[in-house]
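Chain nomenclature is as follows: A, B, C and D, assigned in order of appearance, with residue numbering initiated at 1 for each chain independently.
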Amino acid sequence: MAGNTFGEAFRITTFGESHGASIGVIIDGVTPGVEIDEKDIQVQMDRRKPGQSSVTTPRKEYDIVHILSGVFEGKTTGTPLSIILHNHDMRPEAYSDIQLAFRPGHADFTYLQKYGIRDHRGSGRASGRETAARVAGGAVARKLLERRGVQIVAYTKELGGIKCQTFDEQAIEKNPVRACDPEAAVEMVKRVEQLAAEGNSCGGIVECRIRGVVPGLGEPVFDKLDAELAKAMLSIGAVKGIEFGAGFAAAEMLGSEHNDEMDASGFLTNNAGGIIGGISTGQEIVFRVAVKPTSSISLPQRTMNVKGEEQEIRTIGRHDPSICPRIVPVVEAMACLVLEDHYKRQAAMLG
Amino acid sequence: MAGNTFGEAFRITTFGESHGASIGVIIDGVTPGVEIDEKDIQVQMDRRKPGQSSVTTPRKEYDIVHILSGVFEGKTTGTPLSIILHNHDMRPEAYSDIQLAFRPGHADFTYLQKYGIRDHRGSGRASGRETAARVAGGAVARKLLERRGVQIVAYTKELGGIKCQTFDEQAIEKNPVRACDPEAAVEMVKRVEQLAAEGNSCGGIVECRIRGVVPGLGEPVFDKLDAELAKAMLSIGAVKGIEFGAGFAAAEMLGSEHNDEMDASGFLTNNAGGIIGGISTGQEIVFRVAVKPTSSISLPQRTMNVKGEEQEIRTIGRHDPSICPRIVPVVEAMACLVLEDHYKRQAAMLG
Amino acid sequence: MAGNTFGEAFRITTFGESHGASIGVIIDGVTPGVEIDEKDIQVQMDRRKPGQSSVTTPRKEYDIVHILSGVFEGKTTGTPLSIILHNHDMRPEAYSDIQLAFRPGHADFTYLQKYGIRDHRGSGRASGRETAARVAGGAVARKLLERRGVQIVAYTKELGGIKCQTFDEQAIEKNPVRACDPEAAVEMVKRVEQLAAEGNSCGGIVECRIRGVVPGLGEPVFDKLDAELAKAMLSIGAVKGIEFGAGFAAAEMLGSEHNDEMDASGFLTNNAGGIIGGISTGQEIVFRVAVKPTSSISLPQRTMNVKGEEQEIRTIGRHDPSICPRIVPVVEAMACLVLEDHYKRQAAMLG
Amino acid sequence: MAGNTFGEAFRITTFGESHGASIGVIIDGVTPGVEIDEKDIQVQMDRRKPGQSSVTTPRKEYDIVHILSGVFEGKTTGTPLSIILHNHDMRPEAYSDIQLAFRPGHADFTYLQKYGIRDHRGSGRASGRETAARVAGGAVARKLLERRGVQIVAYTKELGGIKCQTFDEQAIEKNPVRACDPEAAVEMVKRVEQLAAEGNSCGGIVECRIRGVVPGLGEPVFDKLDAELAKAMLSIGAVKGIEFGAGFAAAEMLGSEHNDEMDASGFLTNNAGGIIGGISTGQEIVFRVAVKPTSSISLPQRTMNVKGEEQEIRTIGRHDPSICPRIVPVVEAMACLVLEDHYKRQAAMLG
């Protein structure tokens, strides 16, 4: 109801504000008897954490994973696996000037409208920091998916108007923008650094490919696999759109072009993006999300304050000029959560 | 779990196959004491039903609304409001040749993979016919939203490569493609009729605008208002993508361009599409969905049959050359369901 | 949220009022490929239906089962299995005098308090008639449980102060009160007939035994198997209490008496009623429910009317002098729903 | 699904094992803007904690409440309110001898059957320690209910065969067994101390009274207020039965005796226990739960070990000779959770 829980058969519940004591996640429905180590989770946390390069915020969150429950002698027990991350390097004073004014692009105004009260420190619950708990939960899902032979990889496809022209999966984690084209990556970094210097930010497109999913996954009607992935992705603050397979290009295609024909060996094309009728085809699942430019920019902007007066604001702080590189592990984490949940739902249906 | 229920505080559960006896919807969580009439629902059903014009399938489904429970002396009672629609004009024999072959673009293959069994008659549960139950449920939600002053309107924005250039809300229901530009509508009809004659189909883009929503609606983190709308829309079989406000164009914008500034009178732009941080701003909510070309075409296509053999298939039957005109009321219905649910969730949070 | 849905992985949603057009149930999460016939469901409906003997109401509800969806060529498809039962022999006029007065023991007053409106005809949604939809849903669950080797049997243990002294399972369906002791049954029938003649009613105790459940079923903490069974049973209108195994007698036992010891062959006693820590032990699951006397009696009673005035009321109509015999199949149905749901939840956890 | 979440509109999710690092609770759906302090929660924790008197285990858990999120400047923010309790005085070695044998009355056997793995240390997740997280969550619910004028009080009604003869609410917290009859309390303490000396334990009955609930609370059909309370109570490990109002005595009453008549001033009796048709009448809600004797006793008992061999076991450790005194705040906490949830559900329905 209140929206801090995701999934049904494999379910996470997260808590925590940007500048509170800690954030964390409780994972319920974990398969018992699976070997898991804090390191398995830490490696994903490190991909999301800030301060990795010139293109991310220098805020230091060590994001050290602490498993509090659900693991015994190195194995999952089937009881809730809870993970806590303590907040560090909190500088609430840096945000004191934003206490009274609504930062453009941020949820300051809407949170106040909704709750009548808000924790203004670093965006409170609306902070991108919240996604750290998702990545921790997703890392556990990924661990379970590995046993099923499922692989999930996301990467920057376009950034600041620069598009990847090639797809080199090995290149992704070797460049700071996590682009799939190492040459485009060089241009992207330049672009982002330039925008950062100007106090501005840019958007981009992140693509995700999922391999090894069995055909037959996804529930019909409302909980279609693509519907659930869409919800998962749009639940990430900066994401403003999603498309599967041919996506929006399908709007300009004919049925004879878009339909994926088959021969005796299987599908010949993948315009559907690996999902038909909400159910996996067994092909690669492919989708792209539109990532808006980071809202926090230091250029002056017009806004309103809590008294209803107009004022100018410059969002000083430590921010990412583009969130794409750090959103990549969040996209993967959410995809992992959706998939593991649907594997378990399929098991329930057949079981 | 099994995916035939949508919503939490205002919730629908649907049932029924394309060529079974009946389809229907149970609506739970209806505000009591609200005047409602079968006519209120029928009017929406009639917008979705086939056989309305040259651009829709000639299949006759009378789609006569029968309320079976939850209404007493013309008012809702707060108990489940159930609606049944009996199927007519079923011609299962027309589909007997598709019993063994997987029609490209259809969920024949994936349903069989998922369940190991399928009702092949007219796509069974995977048929677009299933959306009739959604429209019935959405009509009840719409009735409740009217009391809140919320208005929802969707329309064809692009069809078969032809784009609307103007926005004339009054024109929408006056042309058979439900386009917002009457001149473009003329071209669209021509295009669709031509494709139908060729045995082909085309996709398009449907846009939805929602007005009168209070600021503060939507749950943070996973159940963001845009995330829920995204799930709702992608749960419609033919939808392959969604974008809010500036949408995918945000990927090429700078923060200084995309951020919606405010002055003392409120927001100056609406690149966010009326939702920030997953919560409504009080502005118009705007999103667009990509609709794929209708999968059923009579041109010959290559496919596989259940024995794993390649064969040619021509989908004979009564189909829409483009589903956009009839998807418009479905998009509106799903939006109504999401909004009424979130109004009630907000009431619970504050209550 | 609104309470008309039960279960998670195997889930029913019911609708319908006592004197409306129809009542029904949608069952979601049905295992596909299972042979099912309307007769499998009808046999359970017939056990619950009124007019079976001198100890039940003469109201005629034919309760003919119509499957509307989810079954194809005699097998379940995995899509929602919906069942409708049309109401017959409705005599709303018989209830017109109760429109304005609150019948003691009935939910007239509380429904009006809750909703501000009520369908007074035959108790509307609060009628015991609603349980017919549960029995239909339970019959489908029972069909799935049979494949697992699970057997559920309930029976009258005590009625109108007369207690069963023996347990003869074969006798249960052979006497009109469904008692497990044929001699006590004779006395019970006499007692009930006498009370009916006096315009009064009586309560009783129904016991349920479940065999063949694997050890390890039930979720820890909140969704313990006994907790879910308790909710299921207390959701039946006339049930006012439940106890497992030794039950309330445990309050007067010592740990050394109550603890079920084991030897190499397994448990030596079953004071726990087959559930420890909320999880099945593999032994017989045993519980008892307290059934209150039927509220509808023709003796005069004091009550209040909707204007707040005191008045006398005599509940004329067709009622059961004791609901125990007809509650037996409802208890079984609810137990079936809980068990099938938990089998599927276990499959999800391990899957 | 996996059972570690309770409630819908007001929802808690708990985690943690008896001898792990920490246990905790996330509370979602908290009304924003309500003043709350760790002390409000601590006072309830202190009522549940061990080591309070001669009749409770001497295990020391300081149970110091730490709020990690959801409160800002002393007020709730509407975001998840998370509370953590660090475990102290863990002596896993004390349990090393029970690692391989199943303790009678404990969930050792059933957990292993369910999960194939178990954290044997102090019963792991199945420990009564888990209820500390419930009490923390319940304390927040209680805070919200106070604003609604709702009061919840539970107490020992019977212990070790000794029954309270009077009801003195002021006496409850003044005697170590939390009995409502101070004279009976003296006898109960003697009885419990004697049993403890003998290495044995005893059961009892806890009664709960709830005042100030508006009429009209509770959902019809499956989520009846009594059904939800029954689930809540049976979810407490040691509870084996529940009854409302006249409860099991109703089985021997006539309709003319059990029906609660009304006059112009309202109900004249309360055999229903304040709930009719699953909805509150506005009267006092009254129920009783049967509490089994503590399973851990130091008398020798027969059992099986994980190898399937019979062996003798004596449960050495620090245990409560009767759990009734400490279960009282847990019963209250669960009742608070159910009520606050239903107030919010009612707000959603009407909202």
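FYI, contacts are C-beta pairs under 8 Å (C-beta built on N, C-alpha and C of every residue); 3 or more make two chains touch, one makes a residue touch a chain.
Fair warning: this is a prediction, and the values are worked out from it, not measured in the lab.
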For chain C and chain D, chains touching each: A, B
Chain pair with the higher count of C-beta pairs in contact (B-D, B-C): B-C
Computed distance of Cα centres, chain C from chain A, in Å: 46
Between chain B and chain A, distance of the C-alpha-averaged centres to the nearest whole Å: 26
Computed distance of Cα centres, chain C from chain B, in Å: 39
Inter-centroid spacing, chain D versus chain B (mean Cα positions, whole Å): 46
Residue list for chain B, restricted to those that touch at least two other chains: 1-5, 8-9, 14, 29, 32, 78-79, 114-115, 125, 220, 345-346, 348-349
Pairwise touch network: line, ring, star, complete, or other: complete
Chain B contact footprint on chain D (complex, rising order): 1, 8-9, 29, 31-32, 78-79, 220, 343-351
Interface residues, chain C side, partner chain D - complex: 1-6, 8-9, 14, 102, 104-107, 109-111, 113-115, 125-126, 130, 158, 161, 195, 200-205, 214-224, 226-235, 237, 240-264, 266, 268, 272-273, 275-282, 290-297, 299, 301-304, 308-310, 345-346, 348-349
Residues on chain D engaged by chain A in the complex (per definition of touch): 1-5, 8-9, 11, 13-17, 20-24, 26, 28-29, 32-33, 66, 68-70, 72, 75-82, 84, 114-119, 121, 124-125
